[in-house]
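Following this line, the structures themselves.
The following pair of complexes shares a single chain, chain A, combined with chain B in the former and chain C in the latter.
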Partner chain A sequence: MDGAKVTPGRTAGLYAGAAVLRLAICTLLPQLPDLLTGRVEISTPVTSFKRLQEGLFLYNHNVSPYDGGVYHQAPLFLPLFSLLPDFSSLPIFTYLLYIAADLLSARALWRIVDSGEAGSSALFTSPRREKRWSGFTIAALFLFNPFTVATCLGRSTSVFTTCAILHAIAKAVSGAPFGAMVALSFASYLSMYPLLLLPPLVLLSYDRQRPERATKSALKFAATCVFVVAGVLAVLFQMSYLVTGSWEFLPSTYGVQLTLSDLTPNVGLWWYFFVEMFDSFRSFFLAVFWLHLASYVGGLTIRIRRQPLVVLTLLLGIFGIFKPYPSISDTSLFLALVPLYRHVFPLMRYTFVIAAVILYATFLGPAFYHLWIYAGSGNANFFYAITLVWGLGQSLLVCDLMFAVLRDEWEVERPEMVGKEIRQI
Partner chain B sequence: MGNPLALAMSTQQPPDNGAANLESSSTSAITLSNNDGVQGKKQPPPEKPSDIRRRSHIILSFWLIVLCLGLPIWWKTTTIYRADLPLQEMLDWSDGKACRPVFPLHISIQANALQEHEAQNLLRLTQHALDDLNDFSGHHLRLQLAPPSAAGHYDRDSVLTIRLAPGETTTAKFDPHEPVLDITYPSNGIPSPTSSSSPLATYVAGQLRSAFAEEQAAISSLLSANSIPSDHRPQGFSPDASDALSKRPARSLRYAPTYHLTFSLFTSGPLPSSWDIEGAIDQYMKPVLDILSPIHNFTIDTQVQLYATPGVQNEVLNKEDLSSFINAAEWPLSPSIGGAPTINFIVFVGNQTIATLSQQSPGEGDDAPASASHSWLIPQWGTVYLLPLPHDTTHLPASALKQPLLAFTSHLLSLTGIPQSGSLPLRLSTLARIRSADLLLRASSTLGSLARLALALPSISIPRSVADGVAKTIKHLRLACESLGEPEGLAHARIAEAEAERAFFEKSMVGQLYFPDEHKIAVYLPLLGPVAVPLVMGLINELKAWRKRRWEAAEAGKGKKME
Partner chain C sequence: MRPWPDRRDGERWVNFCRSFALAADYYERLNLRPLPLSALLASFNFRSNTTVSEFEKGNFRFFPRSLGQILQHAGTRELHLRFSLGRWDAESWGARPWNGAREGGTGVELWAWLEADTDEEADHKWLILTNALSGLFCASLNFIDGTRTTRPVMSFQPQGDHSTVTNMHLLYGVLPHEVVCTENLTPFLKLLPCKGKAGIASLLDGHKLFDASWQTMAIDVRPICSPGQECVLQIEQTIDMVLDIDRSKRPRDNPIPRSPPADQLPCDTSKPYHSHDACFPADHTANQDWSLSQIFGKPMRGTCPLTDSSIPPVCLHVPDSRDVFVSEGVHEKKNSDQVCRCYEIPPSADFEMALPKPDDSADPTTTAIVNPETPLLYAERSFTGHGQERGGVQTILRNPSPDTDVEFVYMETLPWFMRIYLHTLEARVAGGSRTNNSTTKLIQQVYYRPAVDRARGTQLEVRMRVPPASTVFLTYDFEKSILRYTEYPPDANRGFDVAAAVITVINPLQRSNTEEGEDGTAAGGSGSSGRVAAYTLRTTSLLCSLPTPDFSMPYNVIIFTSTAIALAFGGVFNILVRRFVAADEGPEAGLAIVLERVKGKLAGLVKKGVSM
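Our next item is the complex of A and B:
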């Protein structure tokens, strides 16, 4: 796999292969995409394609898309999807849009790999950086990851968020801070939680500025970035206001994520907790859960200051576990970035356990959901238990990757300890 | 999830040979040869100052979030909002300290045939006689002389007008349409100015007393059921009054601001299949509903059911059959629609009749319908009317429904708890007074319960709407108390009762009736406990290390000075 020469032909072949795979599945198994759209593992209340169609229908009939209380996604999706031919008669265009988004994500991922940021950042160069996978391999791992394919076929709108996040990182590593901030604003506009990636992304952009137009003062640079993000978000909000004619979309999209008013089960840890919660403590624990999610940003950014891309990767993994409406799409984004750290894989300790746990949850999750909802022989605890296992697998991966990266850093300081057993104290 | 961020890494030799290294076997071999597990622990090299600073920053970043965001949010979201309630005032109302329910009833006397001073004298003597008879201070009758110009009309401000007219003998008769009592007296019955008693005055007083006896008894029983101070209570009941009292609540429905009237036509065969019930209600029942409207609202629906079989198939219904006549299993008579209690009025078209009084054992006919042997009243439920009809009637016109509706109307009056005796206007005004006293007491006792609840459960939240409801209730209670016995008094009492009920049954309060403090541990600990352990331990370790460094720096400074 490694070191193979990447010709333009192979690149085109990869992209074409990925596109053909997706198109073949939708044409040969036309029921499969609809089945996937209904799966709770793929479609959450804030990304579901069915809900998008509902909003689209209302929007095209001049009713506020948020009236039914079903649609919780960004308003600018509506004009975009109304431009496409009607989904029921010509679904191919919608598929093409989603496939294009996937391919663009793969392209951005490729550029991140090619920059070599994962192995040697501005402040730190790993001694193991030679051992890495090519952009072709990592893009292929992303494009042919079953989670990514399922998300694309399920037409979850988180595909666009993934694309925006990967482009933000790609822009940042290629020395285009402005582009990175604009892309991050788009991601935040679509899903809100990517706004938490701002601090590490600012650091990454700051480290990777082009020398000829570098801003020396970090504070000034950060202030500019925040200003750009705020400006782009303001423009997007204003456009949304013009599209829907009211500010109603703010509580209906971001408010739902903040208050978890839709308790549809998903692979995350929130829904079960808030189904059981005493009403009087609900708002307090909502705040606790959100603060918990946000508290990782500061600590990780400070601790792994020398490798901001690692911080971004780990944060995406943490969000995939702890955000209010996670789906396998978030996991697929995290799994897309993990192979960048091929060079620290030998330092990881639980690779087998992690792979086993994730596979276990992947296969038993749908089974337990079926037992609960359709067969009626299980109850909500079955599904919640398997989502706990799923979260455990992901958090093991996050922890192990973090351990490996930290050890890699540490061995540079203490070369005499290479290869020895260590213990945290 | 364990968070290794804040923890520095340090070395530790493998405790035993079994702990195989995951990486290259060659390095682990070197490790093994280097120590045999007997050697003492190797101390890690001192941390770099930059690492120490970084660790403090990380711990600081977590604690900043906890302190700057977490604590304010905790305070804001878990503080129980308790609106200020006027607890003492509320308890005063329920204890009856805030209001003495007093019904001053003005009765005017029209005595146009008498001289002014004669009339005054008669009035004084009658009032004396009344005061001697009355032992219940909450309910007293005040006589006043109507001006002669008001002849022929009754005084609208007073409860009852007595029209004195000379006649053959002493008689008393209630006017059926107006609250007027006509009394005739023989010409020699006028008391002389010097006499201290007069048979006419005693007679008038006795008539008044018997006219108001039922109301007085009803109100005094209401007051005694609530915790009204005993000096308000009458000393004793007359046996007939207490008998009427015990019957009245058993028959009448519990008070509700709205009653739902259901008119049902049940026929034993296919005919009649339609009836002009709307016209009949408008014509025969509407007037009574209108005069009851200050006390109750009414909603009405109607239904027709063909081929209905009653619960009893006998041709002639005995008294025992009447209670099982309603076919509860098959007839669609829902117990209540919406929040309002339902009163059922059933017209049954069939060939059944009620056994008349002569067929029954005599003496038992108190409840059995003697006069209208077509209908009977079911206490707290409604009325059934048996309507015999020719078999080919397809449509019931309003005129055919006159008798049933008149029966329904009179039964409706008794179901609403109206007194049995006296003329209709007088009975209605009595009902209004009894209801206002009842509502006033119920609103007061609800306020008292709410106040005791608020005192007993310090952890219950009291939303602003409850405080508003309490304030409104007290305001209207005060107004009602001031104008007891007048129409506004009833209106205020109704508002007060509705507001008090709404405040007491506030949804957000009921949900948290029982939530002791121990439960909070169960709420907080499972999640916040594990989160707090690394946070607190990290902070403590950091503070310890900082103190140690300061101590070492001080020692080093001393050492330098010594040298």
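Our next item is the complex of A and C:
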């Protein structure tokens, strides 16, 4: 598609454009970032910037932020944001930090594209791989995606998780397993759920090892990776312990995600389910929901063994639907990786339906939320219904992409079937 | 307007209207004080003493046994219980009775000092105490659980003498939703030695008490030691009520509320637009004629024989210039300050008192009633913002004094589902600019204990100072959380009551002590009174509406969500486990196959039938 040579000037122009767009919105519409911070679609209890500010305020006044029901984010954010000048007087530094995180994510995404892993992995080469978008286009799609821009302006801390996940993948495809594992540990430390990405990421790193220092034994390689992740996480927890002075951050950050004690509405499926759940079945369904979330990892990793990057992409899509506190930030991460599979887009069957459903939910979600919370003319079911539609739309996209990728694999064995009707038995 | 030191002038006089000696075993007093706008403050005070040694032996005498045994069982050293209803209109009624020391926020309030070695033991004793009191007073005090219990740090100080006890824990619980009613009054009266059969308590009647514009019932138990005497345990029961005179008189002569004919409307004739068809309602001060039986529905039945007969049981706070008619045999004693008189009543005769209409010739505002005192501080609290997602709380604090500033502790106990953002706490003087500087200048100290979901409420105590003749806005933001559907009350859309904020004005004399670095732990160390607040006031309670789910939906939600998950999981599973084949390959499937099979079976059956 984008055959033009990417010059350093164009690259810088893209990044500068994205940064200028974000800065311009903050300065010209100073009310907008605060409005976005308050939106439930962007800020969840575990990523909200307002809650981060409260945690920071308590931390700076020697009250443990974890001895309360407001702050559920990683402890190392506290010293990080304490280093920045006070947000209320000099907000620009905070914005710059978030913009930098976004640009770093775009850079990592670019490297993933440039590696060509999406079209030809170690074990599989797609016959259609020539048809692809350049790193420039995909980075631009990510940086100018309204979901990404809104997340950045809303200063949700999921921006940092996104950055860490993309860096983990970028490190893995560029043959740096250690860096990948460290980045994944950071992502897991910040949000916990990225830990489920470990199996496909280990496979991806294993496949893309540099030949000169490759470990032959897959088992040994996996053990090393797990060891690295565990080690880095242990170091991070120890640092958190030193920062906060106690272990009470564990139940308050990860425990909240496991038990869903904060039922603030979000775009996911959990909150209303557990608002309405009978008390005696609450723990059972919590376990079921978590098992369900984890169950995809094994199946996808095994079935799509030849393309670990696809597994990572699909898992990120599934997490964006089924994790306890999803937001549009998770969707933006998934949508950032989907264009890597430009070559299988023609094999997808429901592109129009998917696009329509996602747009429908995007526009109707805020409207229905307003009807429920502010106008009082709707009730909770309005917003719940739209989150269902949103979830279904995304799961349709995940399924369709998976179908397209598998059909692409299948057509390598059956080249004569290109363009023919098929069915599954 | 009088700054507060003048208030202490009264101590120099021999004064009938003041509360009497501690030595008496039982004492009761009714203070009646007409207020502006045809209101009447009736303040009932009952006090019983028992020595600590007698109390420990179980000789309760005037001390109610039921309560005494609860206190002994729960290791309670000092107890304060409040049942309140309505709003004290400080703008028209002035300073609160007892300087606010005997009132509570709307609903039920309880705070106590318990003797315990550890926090857990204190919690356990608190649980015993609240459950026992719940039974004794027919109130839902047993609902004071961990989420409604706080341990105030700056706001409350013990009023009794606890010099011998070192391990005291203060616990404070409040039930703003509790509706105070007759079933709470009955056990309250039962605690009195005369049980509401004689004396001033015979005037108390649920219909009148709970019809008042504002009423508060208080029970205070505290040990008091005077030098050279044995310490006594004192129980003081107080009922303050502000009656609307017009409303109280209505049932007698006009049982159905209807507007009076136009020519009988009390109009303010001084208004320039006053005419036969335009009426500005007159200030009700002129309408101050009433009698005891009109107001309370019955006359007072003698005196309680257990009281000291030399202490007059009823006092009336009106200027000496006003005429008051009383029943025969009653002896009137006028106080030297010319605004108060007391009545000595024969033990077994009914007591009736009537105030005629004040003399119209004189200026009614100066002669009819005693002008109320200006309180040290006015406070109003309200919600800001709209919608059920987030909001703010704004408290307007006004210092009426022209020359002295007021220092006070502002305490909020908020339910856990109001998630407050302390970083938005801001104080600014009205008309001043919104800067950080103003906040740090006005707020001197903050004690904050954040809420934990489903386990603990927010406790916020702010020590701040309001400069003279200025108004301060104290604001903060909060977020409303959505609850599990079983956690909503049956009337979920009514909203949730938020307890009144307690404002304790720090006594300026002791203010200097605290600033020298004395911390609050020295409570009760010297003197009998401890550190008494100069003035206490409570804001009204608030009604916070939370977002509600659809309560009829649990099954539907479980089914819909499960379907969505099944669709996604099924779709993924389907693609993962099934093989691709061309449309014309592989075994036949679908409806055609099934039909074919059924046809075959049927044909087989038919054949069998034919062959038979």
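Descriptive notes on the structure:
Criterion: the second predicted complex is superposed on the first by the 424 of 425 C-alpha atoms of A that agree within 3 Å, B and C clash if a C-alpha of one lies under 4 Å from a C-alpha of the other, contacts with A are read in each partner's own complex, and residues count from 1 in each chain.
Convention: a contact is a pair of C-beta atoms (placed from the backbone, for glycine too) under 8 Å apart; a residue touches a chain by one contact, two chains touch by 3 or more.
In this text the structure is predicted, and so the values were computed from the model without any measurement.
Superposition model on chain A: chain B and chain C are shown in a clashing arrangement. Using the contact criterion defined above for the overlaid structures, shared-chain residue A:A294 touches chain B, although it does not reach chain C. Look at A:E54: by the touch rule set out above, it reaches chain C but stays clear of chain B. In the superposed model, A:V232 lies in contact with neither chain B nor chain C. Within the superposed three-chain model, A:P346 lies in touch with chain B and out of touch with chain C [touch as defined at top].
Of the two partner chains, neither chain B nor chain C is touched by A:I354. Using the contact criterion defined above for the overlaid structures, shared-chain residue A:S280 touches chain B, although it does not reach chain C.
A simple residue count on chain A separates chain B from chain C, and the partner touching more is C.
By the touch criterion defined above, A:R303 lies against chain B and chain C together after alignment on the C-alpha atoms of chain A.
In the superposition on chain A, A:E421 makes contact with both chain B and chain C. When both complexes are overlaid on chain A, the residue A:M402 reaches chain B and chain C alike.
Across the two superposed structures, the residue set of chain A contacted by chain B and also by chain C is 278-279, 292, 295, 299-300, 303, 395, 398-399, 402-403, 406-407, 410, 414, 417, 420-425. Listing the residues of chain A that touch chain B in their complex gives 278-281, 283-285, 287-288, 291-292, 294-295, 298-300, 302-303, 305, 346-347, 349, 395, 398-399, 402-403, 406-407, 410, 414, 417-425. Per the touch definition, chain B reaches chain A in the complex via residues 1-14, 19, 21-24, 27-28, 31, 44-45, 54, 57-58, 61-62, 64-66, 69-70, 73-74, 77-78, 80, 461, 511-512, 515, 523, 527-528, 531. Listed in rising order, the residues of chain A touching chain C in the complex are 38, 40, 50, 53-54, 56-58, 61, 63, 67-70, 88, 261-265, 269, 271-279, 292, 295-296, 299-300, 303, 318, 321-322, 372-374, 379-381, 384, 388, 391-392, 395-396, 398-399, 402-403, 406-407, 410, 414, 417, 420-425. Only residues 386-390, 416, 419, 421-423, 436, 446, 448-454, 479, 481-486, 547-550, 553-554, 557-558, 560-561, 564-565, 567-569, 571-583, 586-587, 589 of chain C touch chain A when the two sit together in their complex.
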